[in-house]
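Letters A, B, C, D, E, F, G and H name the chains as they come in the text, with residue numbers starting at 1 for each one.
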């Protein structure tokens, strides 16, 4: 039972087309019956769509293509939308063989199947400091898009040329939540957060070399932001940022 | 000009009690005239209330009691609410001497003066893993309260006795945003985020010893959360978490 | 002389089938005669079976296939069971060429030859947070199985969907010792340890990315566990956990 | 209801002195009625004694003396044994004022009240590398003793004079589980584990200077132990080691 | 012989008031005769004024007040200017007792005696992100001032209110070299460097808490600056920055 | 409009060949009209040449060959010199296909197109500790050369044979600014800075193994330099050092 | 039995004043009889003088004054020389009360009682980079002196004024082994090792601030030394360096 | 001029076969004339043989095969022995093409050409904890052998089976200096140093996984050794250890 089916059911109750007792029984059955499905190597959490408004998402790292395709099949069987992140070419081949309607987003390294989901209320702005941050930003964008949000992209507006971000003040001020993706010194979230009054999700990226330490410098920069409103997710975690932004945008 | 004054002005325009030109001139004057005040050792950012809905907040670390009291005086002079964080006893003595209406929150180590602010829409739950996390949680609570939010406290529900947090599922599910404060392994945000569908702000604390490394273990735990919806602020940054929660709760 | 042979010998003494003096001489001879065998590049510790109840185990990392196969041959010559961990394909080819009865466990990356060993007293539960933790969990399982223990596998029950592990309380409570394998934030051992009263061995894995730092986040999470009963082994050290669990299960 | 009371109850059932239904009702009531007690700043987990065989233990770090004394009072009210670790002089004064029967162990920095508990099956050996490791070792000893175990102390047998530990082989071999406490390079657990066939719990200590990094060198040494059977707890976590050793010794 | 005396001497040669041979002899004598003075615990490098245009500077950390005062006396005996950095109250008392003309700069924690030195060519701007960065900024200012430079101070213009630094573009553009002092995320040097075409010396400060790690976050931020022209000195090293800025300003 | 064109325009004003108003209009137009060019994945900062005297430089890391070639084309279209750093073979093929006049510097891994730029005033010395530091040193040299500076190379003069650098005192003393490139312990900048009175830019390299930690040892060595005048850039950042040296050399 | 007594005994054998059997018996008795003395909190290793030519040395860190004085008494009772390192004032008071002949070396923070020991063959040079390194250098000097070596001190010859160490080439070349003590960047051992052909023991010190990380920068610098002949001991471990230098000087 | 040629010359002086003036002139010429040879990318330090008794050694890391072969040729041209460390197959092909008499040591990854050198006085023992440490141990062995020392190899005697190293006490006690090579916890140097009274050079290796952090755990273990006489070189630095051992063995 997807959240949409649940809403339909409850509406039917409200309109008297179905009795309260029947509805109660159906919802209870759904909740009690198989909150997850045990595949041996994985327990697919079908319950998550009820608890969190979106089904389980598959992180491609550390799973074999076969495992990914099998889990994906079970999710799609339930009528849920599909999102596989960090999916390389071999994962994509395994999934498309099983689920022909799947799409591959090459820059974002994500596999998706779109389903109707509740729409977000406003716009999510996704901002990058540089061109090299695109894969992470696109992962956030694909995620938030699949979860029903409108996206505004502002790419390559890093602080070394501060006029680039300042010139986008108008577009930034229309967003309900902002995802800022930056590597190297990770200073952009602080500057953006100082310009707006909505929450900013900082995503440090592993872009850089030497003392960037694979994104640690950017991560520390964002955690120590002197501006209000910046919270942070793991290095390169575009998915997480897109997901949190969507949660906020659905409030 | 506080945001409230601005709203009053704009309402007067809407009702025809003041002309558009006059309103335009007054807003422009406010914006152009002294966006900050230069004290030599500090530039008080009076503009921030316009940009961000809340005036500058004073971080007590690294400032002398005199500097804190002087900046506090300038903020209060403009009719803004006051928040000083990480205020020790000497800072408190300096501020109360100048601003008798100020209050001191001993556990939170915060000084406040309350002013009318726009109310948040829902409840912010503030959750701690243990008793030792209280000072950070209270800093978040004082901050969010001052910014106009209703607060729900759930303290000492760490994962070592998982029934403690599970028994609070009902109260958690009523929150619009949740701040989870935890030291040691910092696992509580993951568990809470798996139970709800609202954003969770994780605050790692420096509670612990040995390989907790002053909160680094908890910070890493939260950054690597396997649950959706967890974003993170700096170690012991109760203020930052309260502020972000308030921003989200005002959306 | 394996521990089994030793037991047989002592039983024969107890039953009068062999004199005390003869037994004494044979045991002494065994102990004094060649406690290890010097191959130049390795000293095979045949004594370990006496001291520790299980012979030397070969860690495949940093050894050439030829070295592995040679050491394996000497261990098997003494009638000992064989365990090679972290064995890649080339090590496997070298060993099977010399020891045709050897088995290869591909997920666990382990080579084994089974011998009769004393049975463990109860069940060892092996639990993973996610699907990506399987290789490490299987290394623990192969190890504990070879050492004579019954194994119960509970895979993919991480804390983001806490109902998955809660629903397994019954199976967990039957275990005499539990191995919990988790990457990312490594929170699962704390939750499991809070549900049971038997020792939990935490195995952090290098599953994750960014600020997981190759398993350091999980390692720190487990070391800082707020629950009683959690001790920890090296990152990805499934073998070590299986071995300790077996030692405890033989007490 | 303590485990002892539970055992008495069940025995009464077995002997027909109480009906099964009555016993069932009483146990259920106990389990459902207040599994924890909410003091506002703490939730005392009275359930833990049922789940884990020993009640909640109070970690003195980060709590005020009043908080410690209040929680201690609630634990003792239920008839549980009391253990406060990392208790400084002021905590001790607050607790003794409320609980005159409490004892203070100055080297271990622990407060205890002894109650009857199920006895452990064998001996727990507690070994230190040097004299400076005593406070941590004594914390382990006080913990294990309070939990009903016989303790054997072997102090200052570090590897720089390897004959010191070798001369204790006999005493080590009588232990059912061994706690090894060491700072600096933390090598002693490896040597001890190579001599015995029982589990070794390594406790790194913050003893040392310079590149010991507050115990990190010892921690890493133990995690990388080349010997079988070594698992590790947090730096200076004598309590944790004593508790795990007791769990194993009760199996 | 100070650089000024050397210049006088060479001028005399140029004007024929002294023969080349005599000048040669005097310079050689100066160079060969005691390039440093051995006090047993210190070798005062009188030669440095010749090599580097400014005499040895005394770092107060790790020296006793007596050692500081003795070295200071020897430097002043040669007619050199005096600079003691990181001088606490006891160092100041010891130096003033011996050198009554010395001045103490309390915020900068520096002791100075001024002598005529060659003037710098332009202005050195010293910029801070916050009020807490003042002690380090003032150390840079005292240093550069003593070395003959004009100083322009721009304090508390951090990136959270980007208009504060943007409004100072005019003053920044008049500087020949800029020292930017910032703690927390250390983003200000990147923004400043993007606005100007002169070298920027970044000084990370230990201002902050938690994941600022005593200035490491700011240091990494500056090392990874995406803007051109930023080089970095040690955390809190105001002296070093002032000294380099002076060197550049004398080119 | 390049800086050269701007200078020509201003000269025409000075000579009365163009009116002030016309010049004013043209400069304003240039400044306001397209300070950057938005390619979707990148915003080419054409304004930078005005602000900083040199156009945007392309860091090859994390960009696709097509992205690099496209950005390069836009920069060259404006008449700017071109510099691509960290350009591998595929980037080079993409750029040369589009811009046949481009040159590839294999050791420095840089692509350049030379344009007339304002000359530096003196010589920039580029010094390496060892032969393995050449790629980084050559990146600095190519950068500084393209920016109009004369270069003096002194390679392989590390401190293990201190006479090598001492014998070059004469050449070092002729430089106006010195770039010192060193891996391993990174001691050379301290020694060089002690010999001269001009600024030294230290470039730590990732040359080394084991506890060099990819250049961290050299970085820390340089940050802690006991000599005056050493500032530091990121590990392997030859470009940054060359650029700063050029800025200083143009003062 | 001290090594001196042993030598006397063996000489008596050689001269026929005592029979081989008697000597054999006495030596065996000494070896077998109490190789260490168990004080409960410490096992004094009287055997060490036989094995290593010098008795156990007491590290003052982490021991109470009483423990130190008691162990010291047992060492002196056997006729051994006494060395207590890292002894603060309270340790010194406790020892002098028991052993009036003890001496306190305030800079080195060491307590000694001198006994006749075999003399070293040559001179040990002890070199420091700065004045702040004296406490560590003096610990090395006191240690080596007590162990029978001639010491040559060369203090404050750091690399920022390279002529200071170059001018001491003659004295350095007379040493049989050199201890070089340096904080900050720790470059001096490399320079010294490049000038001589004898072993150099590098001792990093915690002198410095910021990115010196308590001596880590100096430690890494020395470990990565590009010069031959440098080995390293722990940060601030003057004792260890003096001891190794003495071992080498007795070969 | 090699040290051997120098000795011959001085002997000729002593025997009157050459005048003091002639010898003086020849030595001076040698010293002054080209202490190093500048190849552009490298300065071959021919002087080092005079200063340090062994010529420059080529570290293969970071140099091209051509650079290695060219430098090797110049060293051999002077009659010096050749040592190239960390030489891969391509370096070996380049050198053998130019210097057919060169030898390749595959395990040690070293290229050598042997020349007569002064013999060491005693035996250097080279000890490893495990089989995987062989490449580093062999690098030490090849180095020390080439420098004229007798080598004793004791491999795979790690502390997990302490009897292995104890059984080698006799061979260890005949060594004049001992190199101990160990990865993982790096405990073996402490145990060995406690058994002997000669200097022990610890070489941590990158053998291990997880929390061995590429040899850091072993490095820290050795730096914190509780035994006297252990000094340490960089991770995997077999060459450095062999070289220091040779220096000591030539004293």
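Couple of notes before you dig in:
By our rule, a residue touches a chain if its C-beta (ideal position, glycine included) is under 8 Å from a C-beta of that chain, and two chains touch if they have at least 3 such contacts.
From a predicted model like this one, the values you see are computed outputs, not experimental measurements.
Shared contact partners of chain B and chain G, listed by label: D, E. The minimum number of touch steps separating chain A from chain G is 2.
Compared on C-beta pairs in contact, B-E and D-H come out with D-H as the pair having more.
If you average the CA atoms of chain C and of chain E, the two centres end up 61 Å from each other. For the pair chain B and chain C, the distance between C-alpha centroids works out to 50 Å.
Note on chain placement: the centre of chain A and the centre of chain D lie 44 Å apart, centres being C-alpha means.
Multi-chain contact residues of chain C (touching two or more other chains): 130, 160-161, 194-195, 208, 210-212, 216, 219, 223-224, 228, 234-235.
Chains that are in contact with each other form these pairs: A-B, A-C, A-E, A-F, B-C, B-D, B-E, C-D, C-H, D-G, D-H, E-F, E-G, F-G, F-H, G-H.
Against chain E, in their complex, chain A makes its touches with residues 129-130, 158-162, 166, 184-187, 190-191, 193-195, 208, 210-213, 216-218, 220-228. If you check the complex, the residues on chain C that touch chain D are 51-54, 57, 176-177, 194-199, 201, 219, 223-224, 228-235, 240-241, 243-244, 247-248, 251. Interface residues of chain H, counted against chain F in their complex, comprise 35-36, 40-43, 45, 47-48, 59, 61-63, 67, 71, 86, 204, 206, 214-216, 219, 234-237.
Those residues of chain G whose C-beta lies close enough to touch chain E in the complex are 130-134, 155-157, 160-161, 163-164, 167, 183, 207-212.
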